[in-house]
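Following are the structures in question.
Same chain, two partners: subunit A is paired with subunit B first, then with subunit C.
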Partner chain A sequence: MSETIDDATGASDEYEQYEAVVVGCGPGGAAAAAALADEGVETLVLERGVDAGSKNVSGGLIYAEESAPYTIDGLFPGFREAATERPVTEYQLHNVAGSQVKSFDITDLHEHDTEWSDAVLRRKMDSWLAERVHERTRETGGGLLTEVKVTGLLREEGEIVGVTCEELDPIRAELVVAADGVNSELARDAGLMDWEEPEEWFQGVKAVVDLPDGAIQERFGVGDGEGAAHLFSGDLFDGVRGGGFVYTNEDSLSIGSVFHLDSVATELAEPHELLDALLTHPFLGQWLDDAEYAEREYSAKLVPDSKKAALRSPHQGRLVVVGDAAGQMQAQGPIIKGMNHAVTAGGLAAEAYAQAKARGDTSRAGEFYERKLRDEGVMEKLRPRRYEVASALGEPEPVANLADAVVDSAVGRFGVRLLGDRLERLYSSPALSMMVPDTRTPYVTLPTVIAEELGAPVDETNDVEPPELADRIGDLTYDTDVGNPHIELLDDSAAASGTAVTACPVSAEGFGGGCYRRETVASNGEREEVVSLDTQPCIECGTCAVVAETDWEHPRGGKGVEFEEG
Partner chain B sequence: MTVALDPDEHTVAELREAVGEIDDPDELESILAAERDGRNRTTAVDAVEARLDAVREEADESGSGAAADDLPFDPGEHDVSEIGPLVNEIEDVDTLRALLDAEAAGEDRTPVKTVIESRVEKFADEGEEPDADELDLAEMSAADVGNAVQDIDDGDVLRGLIEREEAGEDRDSVKTLVQNRIDSVEGEAEQELEPDLPPEEKHPELDHPTADKRHVRALEDGSYGDMWVYCETQAGDLVDVSREMLGKARALMDGYNDEYDADEQVVAVLIGDDVADLAADCVAYGADVVVYHEDARLERFNHKPYAEVFCDVARWGGDPGAGNPEPADWRDYDEPRYVLFPATNNGRDLSAQVQAELDSGLASDCSGLYIEDAVISNPVKTGGSNRTFERVLHMKRPDFSGFEYSTILCLDNPGREFHPQGASVIPGSFDVPEPDPEREGEIVERDVALDDDWFRVEVTEYDQLEGGVDLTGHDVVVAMGRGIGDDPTRGMELALDLADCFEDADVGVSRGIVTGSYQFDGHVEQYTAEERQIGETGQEVEPDLYVAAGISGAIQHKVGMDDSDTIVAINTDPEADIREFSDYFVEGDLFEVLPRLVDALESGEVDMAALADGGDSR
Partner chain C sequence: MHTVVLTKGVPDFREGQVAFDEDGHLERGATPTVMNPNDKHALRAALQTKVRNGGHVSLMSMGPPGFKEVLREGMESVYADDAYLVSDRAFAAADTWATSIALTTAIERLDEHVAEDGVDMVFAGFKTADGETGHTGPQTCWGLDWPILTHVVSLDIDEEAGRVRAKRLVEGDIEEIETVEAPLPCFVVADPEFEPTYRKAAHRLTHKDLREETRERAENHEEHVTVWDHEELNLDPDYVGLDGSPTIVSSVDPIPRAPAERDATMVDPEDGEAMRELVEEMAPLAGGE
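Coming up: the complex of A and B.
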């Protein structure tokens, strides 16, 4: 530090000054910070968790793309040995109708443009990255501070000049990298992001399931350095649009479900029950033993749909936004890639800053960053033109219903039978995957019809009994900020905020131990349905910010939930 | 040549099987090329390449060995990601260097070289001390020698090097470098101290030189021993930080006695009114000796008399440099070696005064402590040369709101001693140890005549701050949960009615009530506030009887009441979690069960049948 905080008098020119401040030490922030340090830039990284990764959840696969200018192991040598679980050597898609399942091998699609892909658990991965980031940023006069929550942008005469923090005085910087995740408070402070449209979001819910030594090799038929990925779609989830996944870690499984948030909201679905539907499906009986079944951790997160939410200009003034914070999460059919794009974006942001600095005007970093995202093909992956054309046709309600009806009709079913195994080729087409519209047809109707027409009944049984929601919450670690709730319910009427009772992954209708609860209040002789909120069980996913009327912030540094797997 | 196999027409598994049959590298190459031009599947490419490798290896084994055979593998044939695990199996530095050269000559990938280099460094680092005999000083530049000696920790070996240099090239620069290393590993030989000079002679350049400040009661060549802990009390009990410090002091002195083959003690100091009873507690938490002084006038903390008493005790039996040493049979040193105070309001107040009076320093608000030797080079402390200070208490304190730490050392100056080495300790920095009631210790009363002048500040009035509601310590706690939802006000009234049936009872609520939207009438609303919440984020209680009405028993609630002697739960849901840790479970509506329970208690007849009836018989 160039001067002590004690000496700061509050006048803005007395604030700490760094060349770059990176907010958040997930893969996007870590990549940006490491690349900045490599450019010799004095970089301070601020992370609100007690440890990097303690606030972070992902489904569990990280990719290194052949076409990408940056990969995580390129930026962090030794990454795969130290920070990942198993590589994906086998990738399958299962279409489910009742207990009928038709499986396609989509390893080809998975390997398209893939240098490697590994399953990860974020606490382990991010905390390893953070150590490297600290070492490298220290070299150039910066470093990593944990348990510091950045609350917003520091502005002077309307210009962004740094960040404000809960725990420290404001910090000035030439470059502010917002890598603060899907619920980015910086992107929202800048007016670049909002929480308005449920259609722009997915909600993922995950359980990390413990397995005995050697069980993965045996049950998945993989060797020591190998692993499998399985995707599920069809009628598993009562018509809620979305799918499920099973990924193999070193000695555990990441099992989760991901849904369109608008579908979760309108169907009044309970996310933990959707996950349970997957966990208890007979098909998973081959991997899970009901006697030994034990969950290490229950978690959830909001996932931006880059097709709709990715920022085309993820910058403003001296602020650049990377990763989930900028909506850079590619979820297009069976292609689910987020962390790799965050890494690329982080690297490009650093490169852009170095370029701007070389030209003598650091304020142009954002402009260069946007251009690089486009030139390197990142934006085309996040917002494919094919999808924009197809969705113009495919997403409006009447057309979607028609497509549904056709697939489900005798003619459509005949077509499915006729196509038979050629469907596998079709599923394996990256181009097709990137243009599928977000209607029921690809997620529910088509897989269901495929399974019904082509599938074989599952002969495994599965008697797994997943834990109750109360136990899942009880097993999580919290450091509750007593008396200082981070979410405020602005409108407690059932009409405005009632959806949160079902959509929140740690709340449920008729369950009193969650965040959101429905209560009947008698006042002035009238009985009224209201919603109450207790933020203690909150896992900071951000769902309620979208589906309810709230004033939503992250908890203070180090407070709130602490994920141990992630 | 025709391509025997079009990889496009096969799945990876089929392909793997098919190429397994092929022994001709050229044919395999063409399949590989076809795959790369076609679908270019990573696993397919791998399969063909693996076969190629196998075929070539067979050929190599039967044919001539190439130069590359010296290497365990050819880095050029592996991805960056594969290199790491391979390299990590190699421990031989020469082999690693050979690999590095091979990579540099081949693909020259930076990440690969980094991986190998870090492995080389690891083993170069892990290596034994370089053999000084093998250092050919004549061949080395001064800088080379400087680097080489950084790995040598043995002063005799280093002196041997100096002798050899003197016998050889005799370069001053080399000898200085080696001497520096000796100094840093051994600490420099004690320097002759400058004699104390009058200020005019010492600072001739100044107009009005003044002497360094001297304390009249400073010690010279004092003897020091033990770690002293000032044990603050409140309301007749030790405050937690006192227990924490005793536990830490115990651990530190056990380590100290081992390290320095000494037999020094932990001394607890108690000052106040009626504190002798706490001496046994101090011993149980780790003290070897407890010194106390009691006086009715010391009931509340008072800066002057507390500081006087503490200093008197600290000097008792020692040689204060002035006045008459009074013998103490339990100790044989002049002043404490170390002192710990709590960094509470009173503890900070006391610590500053005491350490000033004893002519020492203070590291305030510390959160970490350890004792070890320190090699110091400092103009004031050592005249700039290296010197080893033994048995130094290292006192870590948070700076910058806790984002950085400083380690404070309290060291003697030449000609002036700074003891006791003192710190105040932030409450909660250390764990409260498990008390051992069997521990034995010496308890000593110190009689001090309190001067009336010391009481020039008088406490005329004091008030206990409203610390909210304390639910701990009651015989009975009645706790209400969301089961009151149908009529929240009536539910709380029933809880108060039930509490009134006992001599010492109070009412608590679950978090569901505190964060709920229930509307309460004014007369019961105060009982539903957060200050009455029981559970993880509220109070933890363990009464004789805990009545939980309409509480489901989430884990967060359980941790707040699980240690109660008897738990009675009332709930409409027979599956409620609370049943599992209740001694008695009444299945029923609290609005029916509680009135009957109250009636039964008031009439003095507990009619279990009626109670059970109200609870739909269970």
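Coming up: the complex of A and C.
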């Protein structure tokens, strides 16, 4: 008998149908799903991790903005009590030059338009959200499933009519919400996103560092229920454009570095070494004790730069794209906001669908969603006009080089000294921070000059020895999909893919235990430099998809790395 | 749809759990009882049926009152609605024949007096870890006079048409698979190769619901266990237990002791020279010589 069992009953001829399918259960997907369920929409949520949050990494601050139509605790009552770490009650920016540091208190900037802001660890946060999402979507006939990987869009006669999955038969839906994160399979399938330009991305690397009970209160001078955020910029990363952060969790620290990917790539920087440069800086000696130093988890992710990557029309047919998948990650100077925008986008997408349905044409949801993003001011935050003007003036290379030279010159240094502590207020200007160009000047040169001219030497010492990359990888949990690698190297020449050896956060030059390695192959008397790939240690950040020639997709549902902190 | 899953408590033969006396006889009292490992395939097949076709699942076992623990484990894994324990001193020391008579009678009682529209399917694992006869399932089915599907690896039920379609291993061989059909009610013996498939989101959501529901039920599993003795089942003690068992056990051979320890050479992996010698010594073995 040639037909399969399912064919016999006709089961595979009729695809399942849900009113809405939400792909991914991070904050964007959770917000969309909860808001859809609140509208009575039958909503199926598909998450590829073993648990929501097991694939998710963030630096770690989530905001509730006063101006935003949706906040995470508005959509999920009890969120802060159950799912977050400490609120940020103090925010500082540290300008670093060698061991000289000049600190600015930018709490005012942080509090601008901020109802509250808490540090979070994503496994705890997202899995809490997912439980609520399942309960609420179940009530309207849907629900949440984990370990299901959506592979692409289901199309009929060129129209998007649903999704295809690895673990399930195709599913039809009136609305598909792509909340599948920075490496969105759906946004790429729709041709809305690509992995071409390193300039559009940041790469973040993070260590969650364990601290003894009471250490945070004591060392950061905060009370119970209070927390601190510290940002770092200057010369501690050897000229790579980016910065570092330290956030206080309940009883651990999230310490990380975030860099422009093009800078990481061209400088051949090793991301884990950039992180180590921060971890071992004397300034952190006040918080870290080398004798007790223990990392709970090492992680990394790509971060879209909304100024360049945010989709102006994040929809196509019945598909709407929210959060990182749509490039909705605002990183402008010290303002780093992603999750809140994902939440707002999710809420607006649901609202848009309900509105389209009320008008009797659900296919118009995308159009309404785009309009709401604009009308609610989300798009202006993601792609500020001020930046478009400033960057046009300041980012072309000759101008950037000139500005950099001026800041570093006697004139610039005089200006910095003259401004002195007034710089702190300038740094606290929301309007100015939106204009910060993506050049060396704001990230490296200016902070260095400020630290040199105005800073004082750090008197702490820091003897922390961060773990080797091999140990960091060894401490991660993987469920390897043996024999089914999720990344294929399309061009293994060093010229095409060599950058991955350094830029991949779990690979390094001269390290054999990572994803990418350099190898010399001798054939026909010639020696050739090639790159080889082993996907086992992959932490699914997507860096190599941008800097190397790969065919990149996520592992199957439940497979690959499983973050416990995130 | 009402299905019955047969399960049995057996000694836990895993190393570290099982205890033998000096003569190599199993020490029953010192060895914990667990659910027969092969029964999990039957449970998986029954669970797939419950998830995909809905309905009521009853777990059934014959054994001493201590088997309730096994029923709890079974209940948790198949999300059973209730459990029936066929338990009586009169059933003690039964061979597979006498056991089958008791089980057949219990299933018939369920079929005629408990299940609303009768029992549609009975699932069994393909042999127990203690007796290893593989008799009890087929004999029970013979008593019911139902069709039997053995070595089943996948299953599809068309309740409306009252038919079951299954893929089964011919002669238990994974290389040869045939598709067969049977009318309901029928008896299914699941092969260890049985793989449940849940390709519909609705199935997986139901699965999640059932898991949640069962968690509460399994905590108070005793409330869901019905114990039937020989009087309840109206069984003549002469036909069950030791008296009803035609099998005569002539003798029991103790499990032979493991042969004497082998010679072992310890090699320090840091010692390059010793490792090189080891590799050279083992090289011919790698070639299959």
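Basically, the second predicted complex is superposed on the first by the 553 of 566 C-alpha atoms of A that agree within 3 Å, B and C clash if a C-alpha of one lies under 4 Å from a C-alpha of the other, contacts with A are read in each partner's own complex, and residues count from 1 in each chain.
Here is the rule we use: a residue touches a chain if its C-beta (ideal position, glycine included) is under 8 Å from a C-beta of that chain, and two chains touch if they have at least 3 such contacts.
This is a predicted model, so every value here is computed, not measured.
Contacts of A:Ala350 after superposition: neither subunit B nor subunit C is touched.
By the touch criterion defined above, A:Ala37 lies against neither subunit B nor subunit C after alignment on the C-alpha atoms of chain A. Comparing subunit C and subunit B on the residues of subunit A they touch gives the larger count to B.
Of the two partner chains placed by superposition, A:Val258 touches none, neither subunit B nor subunit C.
When the two structures are aligned on the shared chain, A:Leu145 is found in touch with subunit B and with subunit C. In the superposition on chain A, A:Tyr18 makes contact with subunit C only, while subunit B stays out of contact range.
Shared-chain residue A:Leu168: touches subunit B and subunit C both.
In the superposition on chain A, no contact is made by A:Ala179 with either subunit B or subunit C.
After overlaying the two complexes on the shared chain, residue contacts for A:Cys538 are found with neither subunit B nor subunit C. Of the residues of subunit A, those at positions 1, 5-6, 145, 148, 167-168 touch subunit B in one of the two structures and subunit C in the other. Taken in their complex, subunit A has these residues touching subunit B: 1, 4-6, 73-74, 77-78, 80-81, 89, 105, 107-108, 111, 114-116, 145, 148, 167-168, 470-471, 473-474, 478, 480, 482-483, 492, 512-513, 517, 519-523, 530-534, 536. Subunit B meets subunit A in the complex at residues 11-12, 39, 41-43, 79-81, 84-85, 88, 111, 114-115, 118, 399-401, 403-404, 481-482, 485, 511-512, 515-519, 530, 536-537, 552, 554-556, 577.
Looking at the complex, you find that subunit A touches subunit C at residues 1, 5-6, 8-9, 11, 16, 18, 44, 46, 134, 138, 142-143, 145, 148, 167-169, 171.
Only residues 154-156, 158, 165, 167, 179, 199-202, 204-205, 208-209 of subunit C touch subunit A when the two sit together in their complex.
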